[in-house]
Amino acid sequence: MLTEAEKEVLRVRLRRIGGQINGIEKMLDEGRYCVDILQQVTAARAALNKVALLILESHAKSCLVAAVQQDRANEAIDELMDFLDKFTR
Amino acid sequence: MLTEAEKEVLRVRLRRIGGQINGIEKMLDEGRYCVDILQQVTAARAALNKVALLILESHAKSCLVAAVQQDRANEAIDELMDFLDKFTR
Amino acid sequence: MLTEAEKEVLRVRLRRIGGQINGIEKMLDEGRYCVDILQQVTAARAALNKVALLILESHAKSCLVAAVQQDRANEAIDELMDFLDKFTR
Amino acid sequence: MLTEAEKEVLRVRLRRIGGQINGIEKMLDEGRYCVDILQQVTAARAALNKVALLILESHAKSCLVAAVQQDRANEAIDELMDFLDKFTR
């Protein structure tokens, strides 16, 4: 479960990424050089990666810990591994 | 150089990604389960990846081809490899 | 802690990856087409990715669970997140 | 087409990766800590990534340039994009 403070950090990051996405569209409109645009897309992707890791950490420290304490560790870890399998391809 | 048609395709994709980003923030506000949110972040990241590949393809078929024809192939390929080194880490 | 059975599964996978690496070198010697060689390198990288996920799963189901039970959850999760930060770049 | 010199550089890198793979198996046998093993797997994966980029660069500077000069640019770039689509997922 994400705390309100964690959610606020994520909201700020998500809005910044939204701004990056708008910025990329502006670069298209301005006819900017492709490689410069590609670097901005890479930066936005890295920022999204970081959002995922922050959510993952919060999930591990709350839901996963709770699952271990309630003897549901394997079920929770299997769920996490399914996600990581897709996320790390 | 991106053609106007290519730009339009990219604009549509970028706005869809913007919508995904807003959707992720809504999931935070609704207190949705972390792993469900993580799947949406992964989807948005994959969509950004596709935007990069579309720009890369257009760049290769225009700027890189022009560079080869003007005997500047290595310079253009070095620039591309710099980008790919960061993009594929 | 990896069980002996888990280690055996990993040994088989690692030897297969070793075989893939040797196969790639043979393709170089035979002057095979670059893109065909690149596909083999991508396959070996995916196989390595899978080895990492198997080790990660075993670690989570043993060491991480033990850490939670011994009230060292955050320390163990921080360690895991450090790894994931590098692994998912 | 890879030059003999490029092949030699790649052979050295591939043998080093083979050594890393053997080293990982030894860590399993020695019962080393999972996270330490994971770091070695990540390092081997990064080394494989570098091998792919070196082959890609050589391919671009030889086969792709030749394709442009023979008016087969789009065909060669489409082939490259197919590879990059799989490689960057």
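Per-chain numbering from 1; labels A, B, C and D assigned in written order.
The rule is short, and it goes like this: contacts are C-beta pairs under 8 Å (C-beta built on N, C-alpha and C of every residue); 3 or more make two chains touch, one makes a residue touch a chain.
Quick caveat, the model's predicted, so the values are computed rather than measured.
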item	value
Numbering shared by both copies at the subunit B-subunit A contact, with half separating same from different	same
Separation of mean Cα positions, subunit B and subunit A [Å, integer]	16
CA centroid of subunit A to CA centroid of subunit C, Å	22
Geometric centre distance via CA averages, subunit D-subunit A, whole Å	27
Sequence positions of subunit D contacting 2 or more other chains	49, 52, 56, 80, 87, 89
Pairwise touch network: line, ring, star, complete, or other	ring
Chain pairs that touch, as defined at the top of this document	A-B, A-C, B-D, C-D
Residue ranges of subunit A touching subunit C (in the complex, touch as defined)	46, 49, 52-53, 56-57, 60-61, 64-65, 68-69, 73-74, 77, 80-81, 84-85, 87-89
Subunit C to subunit D touching residues, read off their complex	1-2, 7, 10-11, 14-15, 17-18, 21-22, 24-25, 28-29, 31, 34-35, 37-39, 41-42, 44-45, 48-49, 51-52, 55-56, 58-59, 63, 79-80, 83, 86-87
